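In the two assemblies presented below, subunit A is common to both, partnered first by subunit B and then by subunit C.
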Partner chain A sequence: MRNTWIIARTTLGDALRKRVLLVFMMVAVVTLLLAMMLTYLTAREQRTAFLALELVIILIFGTLIAVTTAIFLIPDEIERRTIYSLLSKPVQRWEFFLGKFLGGVLTAGVCLALMTLVLIVVVFLMAMRQPESALGPMLQTSAEQEPLNVAKWFQRGGQDVALVLRGAYVIFFQLVLVTAVATTLSLFVSPTVNFSLTMFLFIVGQVQFVLKAALERNELPLTKVVVGVLYYLTPHFHDFNIMGSIIHSEVRIPVNHWLFAGEVSLYGLMYALFVAMLGILVFDRKEV
Partner chain B sequence: MMSPEGRRKAILLAVALLAGCWLLARDLEPKHAHYVQAQMPRREPGQRFDPLLQHSRVGNVLLDETPFHAIVPAVLGVRELVASLLWIQADSLFHRGEYGPIMDLIYRIVAIDPHQIDVYATGAWHLAYNFMDKRMILDGIRFLEDGIRNNPDVYDLYFELGYTHQDKTKDFLAAIDALSQAVTKGTSTGDPQPPAFVFMQLAHALERAGHVDEAAEQWRRNVEVAVELEKQHPDDFKYDQLVYAARHNYYLTLRRRNERRAAELELEGNGAEALKRWEDNIRLAQEMLGHYPGHDQLEQDLKRAQTEVARLRAGKINRTPPPETRLEFTVRRKAPREIEVAGTINVPLYSRVRVILRDKDYERLVQ
Partner chain C sequence: MGVAVRMEGLTKRFEQRGAEVTAVDHLTLEVQEGEIFGFLGPNGAGKTTTIKILLGLIFPNEGSAEVLGRPAGDLEMRRQISYLPESPYFYDYLTGAELLDFYGRLFHIPEKERKERVDHLLELVGLAGDRAKQLKQYSKGMLQRIGIAQALINDPKLLFLDEPTSGLDPVAHIEIRRLIENLRDQGKTVFLSSHQLSDVELVCDRIAILNYGRLVRTGKVSELVTGRDVEVRARVSDTTAERLRQRFPNLRLHDGIAVVNEVPADSVNDVVDIIRAGQGELLSVVPQRQTLEDVFVEAVGMTRRAIGTFNPLSEAPQK
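The block that comes next holds the complex of A and B.
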């Protein structure tokens, strides 16, 4: 595993040198600007709009970073012929593949962590504004005029930070899964095709419930088979979508949120390992 | 290269992982359905958004229950984002004075994301207040009721509904219903209790509905709520004022109840019972003066109660009946679309009299 870890670390360093961080910086600046632009809304409207926007931005940018990193991980090594010098050393092929995959996961994880950090800071600062009723100004109870209650601010801020962390935790395992898919597909297809295929699988995974409905209600045997294969084999990215419960945390759902997050992350991890295992098996026999 | 044994193990591991994924996915599906269900608008039984979807065989529950214009954000899992962006657009339209498309936009927003509490509150406010059309007040009420169906666990929309009933429809019983619910709900930020003004509003609604005993009881509870809040925020002057307002209103309600009851008792010739009421008012005023010594109005109230007690103890009972209002008026058509209502009413100077002119079949028309 030592070899795997060294390859993973090197991959992370390479990826970060490719200025992936610039994307993060851009997102961070946009995030802060957006937060400032939405202050004309009430505190609750601002929080809702901001969280909805930022969680989607983090998911989309995180996915793009994960995919664009993973699709080049192995093809670049082959193209630059550095893979030969690596494999001539006492490094197993599975160690190389796993190291590359872990490097991709680390890259996505670091970017996600930085984006989440910015989001946490902004969300915590936003919690300073006290929520008020829409009729508040009419009833002369405008929360804006009240002195800052630090204990309440920290309470609200702490709740929101916990929510953001839960969202980021679940998004991370989506990125692990996306990285596994893109790394494995990179053994078969060119980076451009790989990008399209991975994004296709990601989108199909997001609309799994449509496939399920089509599967349940379709009467044509051929389409039923096609849809069935797609439904059962493609990763269920849809299950990772818990944004509603983070943005509207006041809505009661009869599910233990952290338990669900744990279970869905286990699913993501297991599916990613399955896909990576396929990649290891293919790469083991692949002519490079 | 892996050994054949290693390869066999890897294949077995892959198969085991796939099986594990499949089992987990089956377990996750019903749990995730709760998350999806929570994002969808709740309707009355049989009520659908879009008649086109009523007999549709497309999709599962999510698609059946989702209005057509909400399908894309629902499918892409970005309901909240799309709703928020539309809300920002609606807000801009309002501030530009373009009121026409706002309500259409607002109905769309809550169909996409039914948990936008401020959109419900603001939409209902536009309908009941801003569009200056009394026929729309009931639309605002219905909109708030829809919002409550979708957000039953927080106080906000119950309060808005209660306030709108109290201020606009003057249906105080409906206001009491809504506000009684509001005081039992928490806030969207997790506070188990709504803000103090919700409790105060309920007491006002009870008063205006003529439920004086219940109003007094509510004011007593409001004093408890306010005192508790003051203890929690000893340095915040606002809560000091809140305690004062609650105590003052509690006192006023009890004082007025005693005065009216005493007047009734005197009219019946029961001076002894009337005396007890005025003595009670002395006690109330003294108690309040204990909290707020030197308060002008309280001093005057005390003096008046003492005078009444002295009069009643002297055996002087006032059996003068309350004045007749003797409302008399004539209606005259002055010109097309113009009528004049003129008359007299025997009430004290500066009394407030509310006159409502309605079509004969108004109730049917507003339905």
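The block that comes next holds the complex of A and C.
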């Protein structure tokens, strides 16, 4: 496992210097800041819509970063021949694969942490301006505004930061899963095909409820089989969705937050490990 | 001395545009411990493919290979060997010192020892002053030198060097050659794949020439470059010269001195007998020495003639 960690750290260092990743990060941060301009909504709408929108932005850019990193993790090593020096050292092939995968996860994690940090700053900025809610009405006149109470400000901001952190936690496990899928697929297909396939799986996974409904309603055996395969085999990203509970605060997730967090992280990790195991088995006999 | 590398009937085939290409064809070869072994052949001969099989990067279709008494690619074997790929590429955001430290970590070398080795190796390859530079700022020659340093980080028993002097200026070229000679003095085995025949001739104990994946010549360098033919010079009469010319039409006669080239070693006595019988004066009998280049061209040329015209292997990928 020591070699896995050494390779993962080097992979992170290598990935963080990729221009495409920096571009995605910059666009993501700008988008997160631009979303602050959503001031035309009502107080409650604004708070909920704002947080949900910001988390969706983080999810989309996080996924793009995770996928564009993972699809090149192993092909780049082969293309640049760095894999020859690595695999001629006492490094097991599974250590190498897991190291690359873990490096991809770390890269996605670091980017997610940075985006979350930006969002936390934004949330506190918004809380400073809004007396009633962290993201309450912004259309008040200056006469209506109370002087800034730091304690209240922190309390308001803190409530929304808790939501942001919950969202980021769940997004992280989606990124772990996406990284595992893209890393394993990179052993079979070119980076372009891999990108398309992984994004397809991600989108299908996000609309699992549509597949479920189709499965229940559809009578044609062939369609039922196709939809069934898609439903059961694709990662259930929809189950990671906590945006609903943010938007509709009255709609509680049927379990407590800790249990929900435990469930999604366990599901994400199990699925990712299964996919990674598949990748390890294939990579063990792959000629480089 | 034991056997460092053993290959028996090693065969590797690739699919290329729907056709099967044999990159290594029933290769049987042994490299002894402590020797510098030159592995020669034109582009696409199967040299890199063979090395990759020995390292476990690719797998043979037939045959077997052992390195330091263990199966090719074995983890324990990889602790004791090292590899310098042709035109090496490393993570270019790392500095020279960081790169060596990274590879040192993969061998689990303790930190203090690792630091000492990194310092020593940077000094050895002449990069101590550039240790803090990122590899993307290194020239091709510097990359080659840091590649050699990484190949020495684990103090290996056996080194696989694929074109180690490629891209180096003449001075660096000589330094690397001396380094390889030093490795031999330390009792290490070097498996050297190179196109630099002059280097190979100078440093290698034995060589193998590969063409179209087949072994076409192997032996000690000293034996291969020592020709079996002899040049004989003698002061002879015209009659004796005529007698000699009948057996050796390439005889040259100038001012009464006959020079006969390419006399097979087993015919030297006959030539001397003719000269003595004609009351001639034998001036010199000199073995004709070939260069490794001559040996290489002859071996490769013979194979090409034997195989015929175009062989797709000459275009085979360096798998």
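One rule holds for everything that comes next: the second predicted complex is superposed on the first by the 239 of 288 C-alpha atoms of A that agree within 3 Å, B and C clash if a C-alpha of one lies under 4 Å from a C-alpha of the other, contacts with A are read in each partner's own complex, and residues count from 1 in each chain.
Criterion: a contact is a pair of C-beta atoms (placed from the backbone, for glycine too) under 8 Å apart; a residue touches a chain by one contact, two chains touch by 3 or more.
Only a predicted model underlies this, so the values are computations on that prediction, with no experimental measurement involved.
When the two complexes are overlaid on their common chain A, residue A:P90 makes contact with subunit C while staying clear of subunit B.
Set against each other, subunit B and subunit C touch different numbers of residues in subunit A, with B touching more. In the superposition on chain A, A:T192 contacts neither subunit B nor subunit C.
Using the contact criterion defined above for the overlaid structures, shared-chain residue A:D14 touches subunit C, although it does not reach subunit B. By the touch criterion defined above, A:Y267 reaches subunit B but does not reach subunit C. Contact with subunit B, but none with subunit C, is seen for A:F209 once the two complexes are overlaid on the shared chain. In the superposition on chain A, contact is made by A:I6 with subunit C only, not with subunit B.
In the superposition on chain A, A:R81 makes contact with subunit C only, while subunit B stays out of contact range.
Judged by the document's definition of touching, subunit A residues 92, 285 lie at the interface with subunit B and also at the interface with subunit C. Residues of subunit A touching subunit C in their complex: 2-3, 6, 10, 13-14, 17, 80-92, 285, 287-288. Partner subunit A is touched in their complex by these residues of subunit C: 52, 55-59, 75-76, 78-79, 81-83, 85, 87-91, 93-94, 102-103, 105-108, 147, 150, 154, 160, 319.
Looking at the complex, you find that subunit B touches subunit A at residues 1-2, 7, 10-11, 13-14, 17-18, 20-22, 24-25, 27-29, 31-32, 34-36, 38-39, 57-60, 62-63, 75-81, 83-85, 87-88, 91, 113, 115-118, 121-122, 125, 151, 153-154, 156, 159-160, 163, 186-190, 195, 197, 233, 236, 238.
The touching residues of subunit A, when paired with subunit B in their complex, are 38, 40-42, 44-45, 48-49, 51-53, 56, 92-94, 131, 133-135, 139, 141, 146-147, 149, 155-156, 159, 206-207, 209-210, 212-213, 216-217, 232, 236, 238-239, 241-245, 247-255, 260, 263-264, 266-267, 270-271, 273-274, 277-278, 280-281, 284-285.
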